[in-house]
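In the two complexes below, chain A is the common chain; its partner is chain B in one and chain C in the other.
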Partner chain A sequence: MMKEITASMAGTVLQVLVSEGDEINEGQVVVMLESMKMEIPIESTETGTVTSIKVNIGDFVNEEDVLLELE
Partner chain B sequence: MQENVDRCRNYRMYPLKKGEKALKKVLIANRGEIASRIIKTCHELGIETVAIYSDADQELPFVKNATVAHRIGEPQVSKSYLQMEKVIEIAEQEEVDAIHPGYGFLSENPQFAQAVTDKGIVFIGPPPSIISLMGDKVKARQTMIKAGVPVVPGSEEGIHTIEEACTLATSYGYPVMLKASGGGGGIGMVCCHSEDELQKAFQTTKLRAKSYFGNDKVFIEKFIPNARHIEVQVFGDHHGNIVHLFERDCSIQRRNQKVVEETPSPFLSSVTREKICQTAKKAAEYVGYTNAGTIEFIVDEEENFYFLEMNTRLQVEHGITEMITDVDLVEWQLLVARGEKLPMTQSEINSFGHSIEFRLYAEDPIRFFPSPGKIEEFRLPSNIQNVRIDNGYEVGSIVTPFYDPMLAKIIVKGNTRQDAIQTAKNYLNEIVIKGIKTNIPLFIQIINEESFLHGEYTTNYLSLINKR
Partner chain C sequence: MLRTKDLDQRLIEKGKEIEAGGHEKYHQKLKEQNKLFVRDRLALLFDQGIYQEDGKFANNTAENLPADGVVTAIGKVNGQQVCVMANDSTVKAGSWGARTVEKIIRIQETAEKLRVPLLYLVDSAGARITDQLEMFPNRRGAGRIFHNQVKLSGMIPQVCILFGPSAAGGAYIPAFCDIVIMVDKNASMYLGSPRMAEKVIGEKVTLEEMGGARMHCTVSGCGDVLAANEEEAIQSARNYLRFFPSNYLNKPAITKGCLPKEGKSLQEIIPINQNAPFNMYEGIDAIIDEGSFYEIKKLFAPEIITGLARIDGRPVGIIANQPKVKGGVLFVDSADKAAKFITLCDAFHIPLVFLADVPGFMIGTKVERAGIIRHGAKLIAAMSSATVPKISVIVRKAYGAGLYAMAGPAFEPDYCVALPTAQIAVMGPEAAVNAVYSNKINEIEDPKERMAFVQQKQQEYKESIDIYKLASELIIDDIVPASDLRTVLINRLEAYETKELEFGKKKHPVYPV
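And then the complex of A and B:
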């Protein structure tokens, strides 16, 4: 089953901390966003394997935008 | 005190002398509360203002406050407030005499200051060469050493390899601070407690420095435990006069960004206070500083102080200095930009009473994450005695995720620190803001803490109170 990890708030992608194929745990920081002059760690809400990364460093994302997909 | 203010207000009535420039129209290359703050003084002096705004800021008060306003671009800062050419284009189109950069954005960008100057427009700030010198933290440290100003023990040059970093860190002893040379605003610095942590932080800090500041130069400083962050306001004119306007204690921070500031510092002895102010003045004299600047120091438990960095612009917290000195620092910036002498000599500048500033942020008070959204209710009275509100928003405004989450500054004054705290207590309880989260609960907590009441706090104060 595919699961999506979304941005909890709008911001610029500063770092993508996982790669496709990585096994990740719930609560693990997967993406670092920069928003309103602060670094906002985005934690995975699920446990699974990363199948696809939807953003690149420097992208601006809105709240609820999909950052990565898990299986 | 009032007399001094009146006297410098009258300066605008004097005919221009040789070497002085007319300042009839100023563009403010900023947004929010600081844009409104600058517009206010300009209008009081009979100077017209030009605001620039992004699509996200169209409805904010500063756009309405300015004489005229121009759209600059899409919400993201790289497409709006950081667009140097567009800012200059509007400045030329409006035939402004000067540009005030405020703080943040282009205020400490030497290329911008140079480009503005090249167009024959006055950049309200120091010359590009000084902005550039102080913007490079490694060079700034070297300059201060030459000026005889104490700096935090640390690397004299930028560090290139992890081996070099480890060797230096071992010689200072852990913990050490790893910092980006082009850094500022609390971004790009990490405290490393061991070689392992330094190894881990080295590459990420370099990468981060590159992406934020376009420069991956890093350096190491010895970590000063239980430190206080104390800065001194300095001011210079184009006639060789330099003064200080006392210190500000900015030790209450979260994520290395200031939250509460006060002056005088409740910690410094009067001897150290005099010494730190004189040292700042000496540093400013050494570089031939002009316009408003702030020299930041880190102060250890024994009141030893070390140069941290110099901000070559108006500081967010300049208001508390204005409260105790009765000087309008924006007015002085305009006078100096116009080529006039500073309106006061060092001995004429006095401080009276105590002032505290609270930075009202749209953020979760516990986790400190920003909280954008629409402001549904906004009660922030501005007519209370001894309270000054520098505000950028109003009811119905939308706090967007594109910029710093600061909404307003609550600045209180009292004859004593205790009076100022009491005024703040009463005021904070009056505030009603709905629709977004704010850090008001944090202020109420701080102001009731025994340690704050006794003035006993250091830069790790907030991380400690939330752990209890």
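And then the complex of A and C:
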């Protein structure tokens, strides 16, 4: 089943900390956003394998935009 | 020949019949749903399970309506007298008839006269449509329940434990309470059931998605505490009430204090880099008595933490930014959450301790359209008009209106204290230098030279907002090392015990709701 990890708030992608194919755990920080001059860690809400990364460093994302997909 | 003894016997039997509640098949259903019978809930809630009931014989001349589906009682919780109304879902699904409503209104009136807390143990399908003329529109109909709740708000603590549905109009009982404890998977709140939603607007949705306990505790904010089961929910209500006086004329009890949980010190917890996240729960643990934290709305708007706690036995309300979630930025929901919590504490003389580490209110199209200014105003109004002892601790950054929301110097905190890591400003150095020198920065072509210019300006900016400078100007009252914060708070809270303040004479403010 496909699961999506979304942005908790609007901001710019500062770092993508995982790659496609990585196995990740719930609670693991997968993306670092920058917003309001703060580093905003985005934790995975699921455990699974990364199937697709939807953002690049520097992209603007809105709240609830999909950052990556898990299987 | 009939004897007096026979009359007594008849009464005893009748009483037992009523106390047994509805038909056996409905008791069976309770078991299947992991729910307790109303009288078992009351036995868990009250000290030694003892309570005095009113109106037990309500509607006893009708068939199958024992107590008319609601138990109303007086008894003690933690040694403190309280009033309770509790729906019996084995009787017509806990629905409200004329006498049900009258009993609820009477227990509210009793709570008002006795000036004691009132608990609503809700598990009800809503109005009995067959009885509507007797219970819906009239002067002592269901509307009066809500009218009374509004009147009692702030006078006595009102607590809702939601065990099952609270449907349609009934959903306003939790809405007018100070706190709503919901049992996961069983509790629900909704104006229109999924069946009605499908018929009227064509939406297909499950009850859990639309009005389940988890949804209300995480998304809508209508729920404050999500309990795993009924026993936990009842225990939670008992724990909550320990923080409160019986009514607004009294102060909460001070208990024997204890040391904080063993763990990292504040110096170890707080990063020097203003922009790096850390976990504020660890910071709270370092200053409060171990095991004393009663968190409210833990799952809703977690970028701000609100909870009752004890500091050396003294009850306090803690409002803390959580840099780990959304950078601790204030949003529509976080403002709402903190505003209600502040009014709760202020109503019952619980001092407020703000732990500020806040980049400000969120900006951008999404939040502006959601009315962030209007919601932020709610928080600032609630904080501003609170007259209990107010202590503002500037833990790290406090930028822009974030400083205001967290009881900054202009809002009459009794004590505004900074840790050495504090940074108070309209905005952070990065944003400020960009704002002031953006043209100049763009003109510099050499990247190295540009970087050097920016760094120099940021350094100058940091110096201009140095925390010692703010202390020198008497903007803040004090700077203390993080290791002293707990002791300082203990002493200050004791010192402000006798604070008396009236916040402007008037009928009431025009609330920015």
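Please note the rule applied: the second predicted complex is superposed on the first by the 71 of 71 C-alpha atoms of A that agree within 3 Å, B and C clash if a C-alpha of one lies under 4 Å from a C-alpha of the other, contacts with A are read in each partner's own complex, and residues count from 1 in each chain.
In the analysis below, a contact is a pair of C-beta atoms (placed from the backbone, for glycine too) under 8 Å apart; a residue touches a chain by one contact, two chains touch by 3 or more.
Bear in mind the structure is a predicted one, so any value in this text is a computation, not a measurement.
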item: Touched partner set for A:Ile57, first chain B, second chain C, both or neither; value: first
item: Touched partner set for A:Thr45, first chain B, second chain C, both or neither; value: neither
item: More chain A residues in contact - chain B or chain C; value: B
item: Partner chain in contact with A:Leu14 - chain B first, chain C second, else both or neither; value: first
item: Touching partner for A:Ser35 - first (chain B), second (chain C), both, neither; value: both
item: Partner chain(s) touched by A:Thr6 [first = chain B, second = chain C, both, neither]; value: neither
item: Chain B and chain C footprints on chain A, overlapping residues; value: 9-10, 35-40, 63
item: Residues of chain A defined as touching chain B within the complex; value: 9-12, 14-15, 35-40, 57-58, 60, 63
item: Residue ranges of chain C touching chain A (in the complex, touch as defined); value: 275-277, 323-329, 331, 359-360, 362-364, 366, 427-428, 430-431
item: Complex interface listing, chain B residues touching chain A; value: 76, 185, 187, 204, 207-208, 211, 255, 257, 368-370, 372, 401-405
item: Residue ranges of chain A in contact with chain C within the complex; value: 8-10, 35-41, 62-63
